[in-house]
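The following block contains the structure, expressed as C-alpha cells.
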Amino acid sequence: MFVHVVGRNDKGIIIRGAKAHMTGMVNSHEMLIMPTAALGEEDKDYAVSCAIPVDAPGILHIFGRQTNDDRKTEGEIDQGNARYGVVGGECLTVLENVFVPWDRVFMCGEFEFSGQLVERFACYHRQNYGGCKGGVSDIVIGATAAMADMSGYGNAAHVKEKINEMIHLAESLYACSIACSCEGKPTPAGSYYVDPLLANVGKHNVTRLIYDINRLAQDIGGGITATMPSESDLKSPEIGQYVEKYLKGVAGIPTEYRMRIGRLIENMTGGTALIESMHGAGSPQAQKIFYSKLANLEHKKSCALDIAGVPSDALKPVRDAAKKKPVKA
Amino acid sequence: MFVHVVGRNDKGIIIRGAKAHMTGMVNSHEMLIMPTAALGEEDKDYAVSCAIPVDAPGILHIFGRQTNDDRKTEGEIDQGNARYGVVGGECLTVLENVFVPWDRVFMCGEFEFSGQLVERFACYHRQNYGGCKGGVSDIVIGATAAMADMSGYGNAAHVKEKINEMIHLAESLYACSIACSCEGKPTPAGSYYVDPLLANVGKHNVTRLIYDINRLAQDIGGGITATMPSESDLKSPEIGQYVEKYLKGVAGIPTEYRMRIGRLIENMTGGTALIESMHGAGSPQAQKIFYSKLANLEHKKSCALDIAGVPSDALKPVRDAAKKKPVKA
Amino acid sequence: MFVHVVGRNDKGIIIRGAKAHMTGMVNSHEMLIMPTAALGEEDKDYAVSCAIPVDAPGILHIFGRQTNDDRKTEGEIDQGNARYGVVGGECLTVLENVFVPWDRVFMCGEFEFSGQLVERFACYHRQNYGGCKGGVSDIVIGATAAMADMSGYGNAAHVKEKINEMIHLAESLYACSIACSCEGKPTPAGSYYVDPLLANVGKHNVTRLIYDINRLAQDIGGGITATMPSESDLKSPEIGQYVEKYLKGVAGIPTEYRMRIGRLIENMTGGTALIESMHGAGSPQAQKIFYSKLANLEHKKSCALDIAGVPSDALKPVRDAAKKKPVKA
Amino acid sequence: MFVHVVGRNDKGIIIRGAKAHMTGMVNSHEMLIMPTAALGEEDKDYAVSCAIPVDAPGILHIFGRQTNDDRKTEGEIDQGNARYGVVGGECLTVLENVFVPWDRVFMCGEFEFSGQLVERFACYHRQNYGGCKGGVSDIVIGATAAMADMSGYGNAAHVKEKINEMIHLAESLYACSIACSCEGKPTPAGSYYVDPLLANVGKHNVTRLIYDINRLAQDIGGGITATMPSESDLKSPEIGQYVEKYLKGVAGIPTEYRMRIGRLIENMTGGTALIESMHGAGSPQAQKIFYSKLANLEHKKSCALDIAGVPSDALKPVRDAAKKKPVKA
C-alpha cells in the first residue's frame, strides 16, 4: 500500500500508493513523499522521495473526521477554538499513477539510505513536539485558569496546586525540545542535526504528559465542560434566559464567556487532540526502539562494574552465549 | 440557583431552581430532588427532597451537548457505540415554580439532616463507579485487543504488556467497589451502608485510572482512530474503494469492521467519556475531603509514636497550640 | 539448586537444595517445603512438599543483611522501629541431605499438581499483601503526619494534600485484599479460595503504590531523615546540647521524639522495606502473567465487537492464522 | 537557629548558629555561609554571607548517619559503591561565636538582597541536578542491566522494556539541565544565569523520576538485593561454599560479582540516595512556589481568551474582587 514507483521514463517517474494521517495536507500547496521504513534491495521501488503539487493529476484526498468536526459548520461557540480551528484536519491521500518529473525526484531506488532518511525525519519531527505541545499546553493551562477564575474557585489551594502541576508538565515538554536542539551537532553538509536520543525522549514525554495535563484541565474545568447546552440554546429567545442564569459564574462575567472557555477546554483536551499527541511524529514504541540503539547501555554497564569493583570483562560469558544463540527481537 | 422552596400550602410545596449535569433524565419517568450540601438554618428552604414526574408543569430540560453527538443523527459506523449509544446524555433541568404534593415530599426544611443525606447519597453513588467504569473499561480493553488483532500486531510483546496493564487498572477499579460493599454495615433501618472511606477511594481511582486505561487504548488503537474517513466515504461509490483498500488490516477481515472498532475506541476514550469519569458522582476534591474526616489520622499517629518509642501524649503541645489558634481551611 | 528428593526408603525421604528469601524462618519452629513452579515428569523429584523442624540435621540458615541491620546492635533510637524491629530478617536456607519421615511428606513425585499448588499458594500470599502493606502504610502515614506536626508544618495545605494522597493509596491496597477475599469461592474441600485475578491485582499494586506512599513520606519527612546525627551524638555529654538545640521542632516536644520519628520514617521507607514490597509474594511480572490467563480477554473482545456492530466471528481469521503459526512467548 | 551576626569590630564579624544537611563539608577546606530566605529589616543580622575555613575556632561538625554507613567500616563488597563511596556524608555544622575577618565577608546586613541571593543560588543548584542525578541514574541503569545479564534474564522482553523506561526517565532529567542552561541569559556582570523556571522544573522532576528509576532497578534487581548474605558469609571457610553455590547466576560469572552488583543496586536505590534526590537543592514545594511566580499565568489566560473569542478584559471583575479582598497564601 505504501507509495512506490510503478514506472519511469526519461521525463520522470510514475508512483502509486497512499499516505495516511496527512495533517495540513489540504491547506498546503506541495507535498513531500518519503519512505517510512528502512528498506532492503527487494523493496527498492519503495525507496522514493519527491515533491508534488497536492492537486497533481491522480491525487485524491479523503478528508478524515476529527472529534466534533461537525460543530465547525454551526455557529462559533461550540467549536471551542473559535478563531483558529475552523479549517484543518488530517486526510488519507491516495496517489493513483501520479507522474513526477525528474527534477522533483530526490530519491529513486537508493534503498540503502531510506533508513537514515526516516530516522532523520523522525528525529527532527520529534524535536518540535515539546515546543508544539508545550505551547498548546500553555493555552490549556490558560483556559483552565480562566475557567477557575470565572467559576469563582481560582484561589482554592488545590486548584492552584493543580495549575502549578500543569505548568510543571508543560515546561518538562518544552525542556526536551530545547535540550535536543541545544545538543544538536553540525552534519558535514553544514546543517544541524538534533540529538536523536533527546528528541525521542521529548516526543515520548508528549505521549504521556499531555494526558496528565488534560486530565487536570478537565478536573478544574468541571463537569460543565461535558454537559453544557449548545450555542443555539444560549441564543434561543425562549430558553436562552435559563442557560444565561444557571450557567453563570462569578458576578460581572457574561455566561457566554464561561461557555466559550468551557468549550475550548473540551476541544483541546479530548479526542483528536489526545490521539494526535500520542501518534503524531511516531507512536510511543517507535521512540522506545531508539533508546536501545542510542543509549549506549554497554558503557553504562561497564561504569557500574567498575564502581562495584567487578572486572570490566565480567559480562563476557553473557556476550559469548548471546553470539552463539542470537536473541530474538 | 439551587432548587429551593418558594411556597407551601396544605396541598404541597412549590419549588424553583435548577439541577445541572442530569444524566439519564430525559430517559426517565421521575426525578428525585435532593439538597447538594450541608446546610445551616439560614438555608432551610434549600433543605428539600421530593419526587416529581420529569414532565410536570414548570419543568424544562435543556439537553447538553456530548462529544460527537451530531454523529448520532448520521449513519451507524461513526457513532462508535453503534448499538446502544444512540440516545442518552445530560441535561440542565430548570424548575420554574413546580408544585409537589405533600405525599411526594421527603424533606422540607430539616436542614440539620441535609449534610448526612448528601454524604450518604454520594457514597452510594461512588460505590458503583468502580463497577460501572470497570465494566466500561472491559469494553475498552476488548475493543483495543480486537483492534490490535485486526491490525496484525495483537501478539507484539509491548501490545500484550499494555493490555495486561489495562486489565490491571480496570480490575483495580472493580476491587474498590467490591471492597466498599463488602465492608458495608447495616443501618438501624436494616439497609446496608457502604464503607464510606473505601467508596470514596474507589471513585477517586476512577478519576485517574480511566485516563491511563484510555491512554493505552489510544496508544494501541493507533493514529487511525483519529484520522479515519467517514462512513459516507467508505460507502461512496467513487472513493469507497480507496478507503476499503488502504485502511485494510489483516487478510480476511473487512475494512468496515476495523473502522467500527476504531470508532468505538474513539468514542469511549475521549471527551465526554473522560469528563464523566472525572466528575460523575463528585469531583476529585470531593473525595479527598472525606479522607481527612474518615481515615482516623490521629490513631495512625499514635501507632507510629508507640513503635518509635515516643510517649503517646507527645503531640499534645501541637494540639494545644491548634486549639488556641484555629487552623484555617 | 531447588529442593528435590535425592533418596527415599520405607521410613521417609532425603532432600537437598536451598530455599532463598526466607522471611521469618529464624523465628519459626517448622518450615514448609513446596515446589516453586509447574513441573513436568522429568522434574518429578522436584515435586516435593513436606514439613521439617527448622533445626533438623542437615539444615543451615545463612542470615541475610537488611538495610541498616547493624543499628539493631547499637542503642534504640537509630533503629527506627525501636519496639518491634529488633529481630527478624530473611535467610538463605540450605538443606544438605535432610531426612523427612513419610508422615510429614505431603507431595512426593506428583508433578502434575505442582503448578496448581504454586498458583494456590501464590494467590493466598498475594491476598494478604494489601492488608499487610496497607497496615504498614498506615504507620508510615502516622509517622509522616507526626513528623509534620513536630516540625510545625502539619497544617500546610500541601502537606495535608500529600497525607490525603497517602491515605488514598494505602486504602487502595487494602481494598484489593478485601475484594479478592470477598470474591473468594469455596473449594470442594470446603475451604475458601480467593479470587485469583483480584489477589494478583492487589499484590501488583503493592509493587507500585508503596513507592509512591514512601516517596511522599520522604517528601514531608524532610531532609533531616537522611542527615540526622546518631543517638550517640544526641546523648553525648559534649555535643548532645547542639543536637538538642538545632534539631528542635515545635516548642514543647523533645528533640529526641522528633529524631525517633525521623528514624522510623527512614527505616520504613527505604532499602529492604521497598524491595520486600516489590518481590515478596512474587515479583511484578509473576502477577502480570496471571492477567493474560485469568482476565478472559476473548470475552471482552466479543462484547466490544457486539457494541460496535461487528459480527461475533469477525476475528476468526486472526485465530486461524495463530493456529497455523504458534505464537512465541 | 540560623547563622547570624552577634558581634562586629574593625577586624571582622562574629557569627553564631548552625547549618544543617552539609554535604561534602567534612571533605572541604572552606565553607560559604549564605542566608536561606528573603529577609526583612528586622532580620538584618541574618543577612550574612562569608567564607570560613571549615576548621576555624568555634566550629563543630556533627556527622550524620547515612543508610548502611556502618558497612563502610567492614570489608568491601557490602558497601555497594566499593570504589568511591567510602568517605562522604552530610553533617550538622555548629558555629559558636566564629570570627570572620572583613576581607572574607561578602554580605553583612544588606537584607534587601538576601531573597535574590537565595533564589540565584537555588536555581544554579537546581540546574545541576538533572546532570548529577541523570549520571547517577546511568550507573543505576548499568548496574540493573548487568544484574539482569548475570542472572540470565537480560533478554526477557519485559526486562528490556523496563530498562528502556529507565533510560527514558534518566534522559528526561538530563534534558532539563541542558535546557535551563541553554536558555540562560548573561547578567550585567557578564556571568550567565540559568533559566530559573526550567531549572526548577528539572529539580522537581528529580524528586519524582528517581523514585521510578529506582523502583524499576529494584524490580529487575530481584529480591536477592534485599536478602543476600554478607561478604563475611561469602568468604567464610565453612559456609562460603553454599553462598557461592546458591547465589550463582549464569555460568562463567563468579557469584561474588553478582553480589557486588546486587549491593550496588541496594546502595543506590534506597534510603539516603532517595531522600537526597528529594530534598537536595530544595524540597519539592520550594520548586512549586517558583512556578506561580515565573510561569506568566496571566499571559496564558489572555491567549486562551483570545482563541475562544472572549474579550481580553473579561477577567477584570475577578481581578477587581481580588484587589478588594487580598488572597491568603
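Order of writing sets the chain letters: A, B, C and D. Residues in each chain are counted from 1.
Here is the rule we use: contacts are C-beta pairs under 8 Å (C-beta built on N, C-alpha and C of every residue); 3 or more make two chains touch, one makes a residue touch a chain.
What you are looking at is a predicted structure, and each value in this text was computed from that prediction instead of being measured.
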Where chain A and chain C overlap in contact partners, by chain label: B, D
Chain whose mean Cα position lies farthest from chain D: B
B-D or A-B, whichever has more C-beta pairs in contact: A-B
Chain A and chain B: spacing of chain centres that average the CA atoms, whole Å: 29
Distance from chain D to chain B - Cα centre to Cα centre, in angstrom: 40
Mean-CA-position distance for chain C and chain B (Å): 33
Sites on chain A at which at least two other chains make contact: 158, 161, 288
Touching residues (chain side chain D, partner chain A) in the complex: 76-77, 80-84, 138-143, 145-146, 149-150, 154-155, 160-161, 163-164, 167-168, 171-172, 174-176, 178-183, 197-198, 201-202, 204-205, 250-254, 257, 260-261, 263-264, 287-288, 291-292, 295, 297, 299-311, 314-318, 320-322, 327
Chain A residues within the chain B interface of the complex: 1, 18, 20-21, 60, 62-68, 70-71, 78, 90-92, 94, 158, 207-208, 211-212, 215, 218-219, 221-230, 233, 239, 242-243, 245-248, 266, 269-272, 274-276, 278-280, 283-285, 288
Touching residues on chain D, where the partner in the complex is chain B: 157-158, 161, 328
